[in-house]
Every structure is written in structure tokens, then in C-alpha cells.
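What follows is a single structure, and I will ask about it in a moment.
Chain lettering (A, B, C, D and E) follows the sequence in which the chains are written, and residue indices restart at 1 in each chain.
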């Protein structure tokens, strides 16, 4: 569904990513883990089109989309969330979601279609799905940190994407909500979406992922079933330590 | 050959004036992210302060001496105006960049009108010492001496400002404060005072530019600062928004292009050519303009 | 046992919303005090209220001195170190410049930083904005460790850190707490159990529980009630 | 001019101006009280007051009815002038004077024509006001007369090289066109150096002029950067190679010529000491009363008042009668003998040449020659 | 269809009521001394109100860029001037009939917006502002140079009276020009309202808030911004056309940097990103500009010391200072302030 083929990225003389190949199939969830600075977000950026790789290609449905803009890719069904929430701060949570729906649907810029052609029920439903029901009228900038994370996820889901890239969706989410969000992401995967998720909460990754990819210094250290990967000594050494 | 030399030297002199006008602007923009539309008013304030000082001083004093005193007074006035504007108008709006720009817009409108109300719309002649009006013969060209003065002042200013930013803690604090003022405070540093200093400095530099420009023009008028401001803006943009070195390079480039175009192309193409230069830079290297937002 | 920080009936209002509704608690002069609660209950706001970054009323005593009326920079200079929730490093400055802002990188504290975050030393000249999320978190931590403090306010320091680093950060905090009291906001209960001595739990802008850290974390019914979780599952990770 | 009931814009009742004897005659002055031309405007206004006093023998009345002058500020902005004129005309004013700036004159003139109102343009020099419409007159000189005056300064023009240094604007272009047509027709080779009005550096232009070595350099410049231009011309030695002519502006600007002041030959429309007759004396006395002194545009105000009083004497409210009275009228203004040419309402008037002389720190204008109206009369541009 | 709620009634009814009142003004012979010159339906007042309305429309058009999309453009004057000059020049120099001239003016302005916008949008933020300023400056230089004698240089260009319907000419016809201006504002108001509530309008808000994020959602930000510029410029150009008709000509002050700045002032004065704000800001700005000139000359300041009086009699000083005060104390503009007051009194 979505994949990287031999992707490399150099910036300012440093090789951030080196020959990374990873494909996520429809209905599959791949967890991407690795130490801080390993290049996980960079990979997500390249897959979503926010940055251009210096070598290799990105494919979507088998087609080479390396030269397509982030906008184009989003329109073809690729959604993502950001590690540090990137929201429309001056708009309400509801409007944020509505824009996300609109961006993915047809004629997103039409001056002839009312913004409310996105039904309010759909907006409310999406917010409720991330346990944010009733906040549709709150300005995004006034949400608490966790609220922002959840909104970020709702926006990614709003597009009814076929492929979803999540960059640390659980960071800062209170322990209470982690389970709920985990379940949502699982449902999304089960509905046939290809999901790649960067996450440091190991229990989330282990509970959800069909496969886990470990990035280390910009290269893939290991890819495989969760238990295989966690058993890998190199992974324990580089990443897990004695986890809390 | 002699004409070419003349055109080049006067072009450099013009560039020096542009740099003087733009450096204060670039300083404040680069460090505080405030595009100061009142910069023209600061220049006008400096020019009028100097003019008033020179007319008040006894004419028994030599013109040169009166000018020196006037420059000192203008620098003080510029610094005070800068500080007052920062403390009273800019500081309370520090979370709102656009509002800060807007306040300076309002200020620039009001200031020009105020000067016009007090001293009238007509230009007033300023006294100039012999040095500033004379010429020297160089390879057959009659080169006005004042251009060398502007060049010297511009170079000295450039060096001084660069050193301030590169080698002082003040420079560091300012750069951090521009990005995230709250966090700098949360690190225990008094940002406000730093910003006030920057504005005062910007005001003083603007006033200096104002005095020198009024010497150059031979008169002061309410709109004088504003007329120079457009060029200062263009120079700051071409120079990469807030980079001092870029500003210097751009200032001299704009001065030279304008002069050369005015002589070698059709008369009057020079001013348009500056706008053209901006468009060219923009089309060729748009990324260079996004520049120092940080 | 004396308290380094005492909050008494602190209120914070943002426009129409009353975010803190009379928060009172004390931070003992030693060890780690954990401030817990669900998303949006006002944990960050509490820290900001102490620092003067949020509009507050009530009384905040730092070493018996009321600081409610002081400007932020003076409060901080008076001995509080702050690691904000969103890292807030200066993206346009290099790593070194970020650290130099606080003071010269020398002395014993500098050694801790070097030992703890060797990566940063290596990336001295990189612009902090291009650091990875975890690397930025390290800069934010290192920034406060470079100076003597009476109290550290640390807001979710392990958010986005790799598991291995989480352990390391926990160790650092524990070590720091030996000499400097720490008020820590954290979602990671195992970590709280490991390093915190006391806990304060907030809900809807009020303190709903105060007590010993271990007692709370191990009382599954109580954590379930106050925080909506218990530690069984995390323990498995 | 009031509509039937229910028509938009109609007054409800009895608001229409009655023309009973003794009620005041309204005259509107739309001029620059503020804005860049405020000084010109003030001179004009003072001159007008003096002129009204003179023309009505101190009574301020025409045929027993007081003349009531309503002043409006246009701040030099045509839009404001149009608004002010509309307001005045709407209130029944039949005579409008003023227009310090050419832009204002050109936009108020059509308004006067549309509404059949007498319009006496003021200091605005643009040639196009002459012959603009049946209802438009002027009380000052026009560009053509300036240029023709300059032409007289090099004696026989035939075969001479003339260069015009002008602003790259309508004002400059008009001057270039005038020089080309007047002096070119007399056999001179005319070339032009056009400079952006906002130019800051004049060396390239001075170099070009010096290289061309013309017999006459005609400078048409109005603006705040004049001093810089004169300094540069002087520095580059332009005065050493040619005769430099320009128009003499108002007194406060004399200092702006800097060191070049005494080297320039001036043409002048009017200045303190340009002429001497009864009207001039009346103007000088009037100006003293107003706390000013005789200067360039005081004449235009004075003459405007003379013309308006003459028109009102013919009829206080029939504009066509006013026009009829003014067409072909000859009279004595502060400058001397004037004639309103019937065909196009050009104001034929004497012109002057002058020089500036240093008098301690100050500069005073000294008359050189007075030119007959015919010598500088513009060609007829009949009203369509 | 659902039954209209009181809120919608208020939202639709109030503007309609206001429109009706404004449309009826030319039949009101009463006078409001001090506020308007002479009676309300007198030519002076009508002309003043008409110009104020045109300015309200200008502000509306600029708000599409600034308030709605977050584009700080300093070149908007260019498009207003283009509309105005294209009309006067088509009528007099090219002798086109009025409808064709209007189409030419609007078409020309839109084309210009596409080109200028297309180039300037290669950069963002303050650089965008400066680039648009440079374009406007170039246009200003060109207009002042009077190429081929078509623009009339600094003297401006009077409207060819024979080419426009006689109902728009002449002082007594001021009410018709007033209605024309009112029609223009109404059209602009409705268009902007529709735009804002459309998907495109929402996308504009997204770009204003967080451009990078909008791109990843599948919104082509370049196109969104270009659309804003084109729509804003079209309305601005239309305003230019109406301005020329109402004032009987084009003047180069429309191309000046001051005019562009004043557009910004109007929008912020009323409240950026609010239709009513723009309308109010534009209207008040011109009203104050026009009336303060009168106040300065009328001697109301005579009691003050000389210097102060000289300063206060400058309309721009008062406007500038007032603007600073508004930005300072009511950052969301006069409408925002009004809203806040209403909420406050409602709450207490």
C-alpha cells in the first residue's frame, strides 16, 4: 500500500536515513521504533511528502509518488499526524476536523460549496471517537496538551484515509485514555487501512503492531514480529534498556 | 572613464545612505521580528532634531561644529524616541507581531502629520559645512566629498553592529527572545530590558541616517524619512530579511544598480530597475527571502 | 520537614474558564513530588501559575517568600528551574547557544550534562530546531541542570523519549533530587513509583489527593478512581 | 434646481435658496488649507481676501449684497476637492474658486461644466485648464507662459541647443512639451532629461547635461529634493557651461537653491517687487493686514477676487451672464494689464524675469525684465 | 428546510433592515448638524456617504486577503487603482462604451492579480508584504510617469462625462451615485459572506492559522492564497470602477503606499476577519478623514496652544493616533470591542 524503497536522506552533510525499505500493506499496522534521533519522524516526513528523499522512492498503491507534493498525496488518501501537534490554533476543534474532512473530499477549494456541506454530525462523531465529544466549540489553542494530541488523531481519521502515518500519537496522552486510543487505531487498521505508527510506548506498540521496524542511526536494524524484535539483543541494547 | 568613476563612487555613496537607513530597520526586524514602519519617522525625528539644534546654536560657531553637536543631539533624540516607542507601544503587544507592525504604521502616519503641523509641509534648508558640499578631483571626475563621509560612517556602523551581535551575550539573549520570549523569561533573563535596548539602538541608528540624509539632501521635510524607507525596505528584503551582512551587500548593490541604470540606460529607469532587481532575486532564489525568520 | 514551595488557594482563570479552582499543596524540601492527573485537569497550569506564566491569584511561597507579584524572570532567577511541556528549545539557535543562555557550561553541573547527554556535546553546532524530538527534550533538561536551583519544575520530561532514555532520565531526576527538590508532572506511573516520594493528584482544577507516592501507585482501586488506570498493564511492558 | 416631491435628493420644503435682495451671495473657495501645498493655499487665500476688499471698495458687497466666502480644504486631494465642490454646488453656490493643485483643477472643471457653475482656477499651472469648458477660467499663469518667458532669455533662439531637465511626471512632461513646441518652433534643438520625481541622486543626470553642453538649460522641478538637484548641478559644473533658467518659487523656498541661487536666471510669474500699480499696492496693504507679504500666489487670489466681483456685478446667479461678462474683459491686476481671451479663457498677462541677490543671510528677488502679455501669449485652444 | 431560528433572523434580518434604511436615506431631508454637511439627502452629504461606502467596499476586499487568509499584502492599492484607471482610460482614450469598459477594467484587474499574485506568492510572510509593496510602487511610478499621456500623471484623469449615463453625472444626481456605491458594498458584502462560508473560505482560514498543516490535509495552499488574491482584487477593482464613477475620475493617490497602508488601517480599525468590521472600518476611516479636515479648519481647536493646535489640525495625526489606540486597546477592532462590551454587560 505505502512503502519506501531504498530511501536515503542527507542534510547538511549528515546521512539521516540510509537505504530504508519498508512497505505497509492494507490492513496492516507496522510499529516504527528506535532511539531518539534515529530518523523515525524523518521517515514519516518523507513518506507523507513533507520532505523529499535524496535517494530512493516512495510508492503509494505501487505507483511512484516521490515527486508528488504532500497535498497531492493527501488527496490520494494518505493522512498523517505530527509529533508536536500542528493544529489550526485560532479555529475551533470542530473546524479543525471539518477542514480535515474537506481536504480529503472532492473540490476542497470550491467557493460554491458551503463549508457546512460537511455535516456537523460527522464532526461530532469523529471527536467522540477520540474521547473529545463536546469540545467542538473550543479553540484549538485552549485545549490541554492531551486534548491537542487527540484532536490531531481525529484529524488524521477524518480524511477516511487508506494509509495513515502516526507520529507518536500517545505522547502526553493520559494513561487513562491510552487504551481507548489504542483500540481506535486497531479498529482503523482492521477496517483495511495501512497504518505506520511511530511510538515510544512499548506496550502500545507490542499490543497493536503486526510487524515492528526498528530504526537505528538511520538504518533498519530489524523488521519482524513484535516478540521477535523485542527479543533481539541489539534492539534491547540500543533501544529498550530496562524499560519502565 | 572619469564619468564611470563618478557614477560608481556616487552609487556607493547612495548605497551607504541606503545601508544607514536599512541597518536600523534590519536590526529591529532581525532581532525582534518587528517590521518597524515608524523607522521613517525615527529618521525624520533625527533630521529635525539636528536641524532645530543647528538653527538654535549661535551662528558664531562654525557650521561643522554645529553639525557635530547636532549629530549628538539627534542620536540622543533617536534613542529616546526608540525607547519610548518600545516601552509604551511595542512592549505591551509583545505576543502580537502583526499588531506591533500595525502600531508602527499608525505611528508613522501620525508622526509625519505632526511634523507637518508643527514645521509645515515645505522643505527647510539646512546649513552644510564646506566639506559636505565640496568636490575633489579624481582622475578627471569631480567627486563630491560627502560621499566618502557616508561610506566611512556606514562601514564603521556595519562593523560595530556585527560585533555586537556576534560577540556579546546581549546578541544571544536577543536572538533567543525573538523566538520564544516566555521561555527566555522562564530561564531567568529579563528580556524586556534587552528589547528596549535594541529599539533604542535602532532609533539612534535611524536618527543618524536621518541627519546624514538631510545633509545629503540639503534640506529637511516631513516626508523625507518615508521616502528613504521604501528603499530601506527593498534593501532589507533583498538582503534576506534581517541579515546584517545581506543588508549591507544589498544596499550597495541597489545604490550601484540605480546609478548605473540611470546613466547608461534611459534616464529614470534606475528606480524601476531597483524594483526589477527585487523581482529577479525573488524569482531566482525565493528561498533566500524566506531567510531569517528564526 | 520544611517546605520549599507552598501553594495556598491558587486560582487561575482564562477568560471565562476557571482552570485552577483553589489549589493548595506543599512541596517538601527534599525528594521528588509528583503532580498527577488526567489530561486537561490543570497540571501544566499549576506549574505556570508558580512561575507567573499564568494569571493567578492566591499565594505562592517560595522558601517563605511570596512570589505572586513578581515577574517571571525574577522568580526564576530566585531559584526555580523549569522544563516546559513542549520542550520550547530555541529552534533558531545552536545547541551550544541554547545552553549558553543559562550560563557558562562549566562546573559540576556541566559534568552531569556531559555525562548524561553525550549526544548533545556532539551536536553542539546543530540548530536546535532540527534536532529530533527526544534530542530537544534533552536540551530542555540540560538547560536547567546547568545551574544551581532551589526547586525544579519538570513537566512530562519523558514524553517522547525512547524507553532506554526514560530509564536514564528517571535516574538523573532521582540523582538531582538528592540535592534539589523536584516537582514533577508525569503520566508514567512506573516511573513515579520509582522516583517520587510524595504525590499530589489534581482533578478538574482541584487537589483531590495528597500522600505517599508508593502507597498511591500500589493501591489499584485508588489509582483507578483518581487517574482512571492502574499499574498492572504498564508493569508488564 | 430642486426636484418634485418624492424625488431623491429633494429638500422637503422651502429650502431652495431665495434670491431676494440683501441676502448674501455665496462664493466657494476650494483650496489646500492643509497637505503638501498648504503654503501656496494660504498665500492664495490671503490674496483673495485682499482682492475682494479692493474690488468691492472695502464693502465686501456686490450690488448691495454681501459676498459670503465659504472655505473648504481639499488637502491637495482631488477626491476631497470633488466632495467639497459637490457640497458647495449642492447648497446653491454658483461660483467656485481655488484649486491650488493641477489635479484638483482638472477634476473640478468638469464638475463646474456639468452643473453650470462658474469656476475660477487658482495657482494650478496646467495648460489644460485653459479652454477646458465654457465655465472654467483661470486667475494665474499657465505653463506655456512660463516657458515662453524662459525662451526670451537667450535672445535669438534659432539654432541654439536647449535642454530641459524635468520631472518624469505630468508636470515635467507638460514643460518639456511646451519648450519643444515654443522654442522648437523658433528653431532651437530641444532635448530632455527626465528624472524620476522622487530621485535621490542626480549625478548621472548632471553628467549627461554637462556632456551635452546646451546653450540653455531649462529646469522644471517642484519637490522636496530640489536642493540636492541644485547642489549636484553646481558640483558637476553645469553652471560653468550653460545658462540655467528656472521658475522662481515662493519666498520660503529661496534658501533651498543653496549656493546656486545667485547663478540661476529666473523666470517669474510674480514676486515681491515685480510691479507697481494701484492693484499691487492694494495687494501689498492687504497682505500686511493678513500678516503676510506679497509673494508668488497672492496674485492669483487677488485676481480671482477681481474676476469674481466683476462677474457677480453682471449677475449674481446667472452663470451664463457671468461668463459673458468675463470673456474679453481687460483689467489691471497686481501684475499689470490683464486680458481674459474670449476664445479659450486664457489669461493674457505680463511675465517677469528676475535674479536672486544675497542680502546678508537672506535672498531677495530683483526684477530684471517685464515681458508683454503678447510676447508670451499661448496659442488659442478653443473650447469644444 | 428548518424553521428560521431567532439567531438566523437576526443574522439575515438586521443587515436587510440596515440596507433598507440606507437605501431610503436619499429621501430624508433632515439635517444632522456637525455630522453631515447640510441635509442628509443634500448632494454634499450624499457624495460624502457614497465615498464612505466605496471605502467600506475597499476594506471588505482587502479583508479577504488580510483578515481571512492572513496575507499581509501592501500591494492591494494596485488593484483598486487598476480598476479605476482602466475604466477612465478605456472610456476616454480608447472610447469604449461603458459596459465594455467596465468589463475591461474587471478583466484587466483580475489578470493583473493572477500575474502579480502568482509571482509574489513564491514567498511568504513579511517578504510577501514587501514584494507586493514593490509591485505597487512600480505601478505608482508608472502612473506618475504618465506613459503616452494616458494616466494624466500626478494630475490624474477625469472621467469622460459623455460616456456615462447622465444620471450619474451632475451634483443633483448625487443620490444615484450614492445608490451605486450602496449597491457595490452590498454586492461585496454578500460575495464575501458567501465566500467565507464556502469550502474555499474555510480553506483560507486554515491557511491563515497554519499553512504547513493545511497542505498536509490536502489543501493546495498556493491555490487557496491565489484565489484569495484574485477574489480580493476583483472586488478591489470593482471598487475602483465605482470610485471612478462616484468621484468622476481617477487620481494617483490611489496608487500610493499611503493608500495601501490606509486599507490596512481600515480593516484593523473595524476588526480584521469580520465582514462588519471591514465595512465599519472603511466607512469610518473615510468619514473621519473627510470630516477631520473640516474640524481642523473650523476653529474647534482654537483654544489650544499653537503647537498642539497645529498638530491636531492634521487629520492624519488624529487618524494615526486613533489607530494606535484601537490596536492597543481593542486588538480585535471596533466590532470586536463592541462584541466584548455586549458580552460583558450580558454576563454581569
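One rule holds for everything that comes next: a residue touches a chain if its C-beta (ideal position, glycine included) is under 8 Å from a C-beta of that chain, and two chains touch if they have at least 3 such contacts.
Please read these numbers as outputs of a predicted model, since none were measured by experiment.
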item	value
Smallest number of contact steps required from chain B to reach chain D	1
Least step count from chain A to chain C, where 1 means the two chains touch	1
From chain E, the most remote chain by mean C-alpha position	C
Computed distance of Cα centres, chain E from chain A, in Å	44
Centre distance in Å when chain A and chain D are each reduced to the mean of their C-alpha atoms	74
Chain D and chain E, separation of their C-alpha mean positions in angstrom	34
Residue numbers of chain B (touch at least two other chains)	116, 268, 271
Residues of chain E engaged with two or more neighbouring chains	141, 145, 313-315
Full enumeration of touching chain pairs	A-C, A-E, B-C, B-D, B-E, D-E
Touch list for chain C against partner chain B, complex	51, 53, 71-74, 76-77, 82, 84, 88, 90-93, 97-98, 100-102, 127, 129, 143
Residue ranges of chain E in contact with chain A within the complex	194-195, 197-203, 205-206, 208-210, 212-221, 223-224, 227, 231
Chain D - residues contacting chain E, complex	1, 3, 6, 8-12, 15, 33-34, 71-73, 75, 77-80, 82-83, 86-91, 101-103, 106-107, 109-111, 113-115, 126, 168-171, 173, 196-197
Complex interface listing, chain B residues touching chain D	3, 6-7, 10-11, 13-14, 17, 116, 120-125, 133, 135, 142, 144, 216-219, 221, 223-224, 227-228, 231, 258-259, 262-263, 267-268, 270-271
Chain D to chain B touching residues, read off their complex	34-39, 168, 193-196, 198-201, 203-205, 207-208, 211, 224-228, 230-232, 235-237, 252-253, 255-256, 258-259
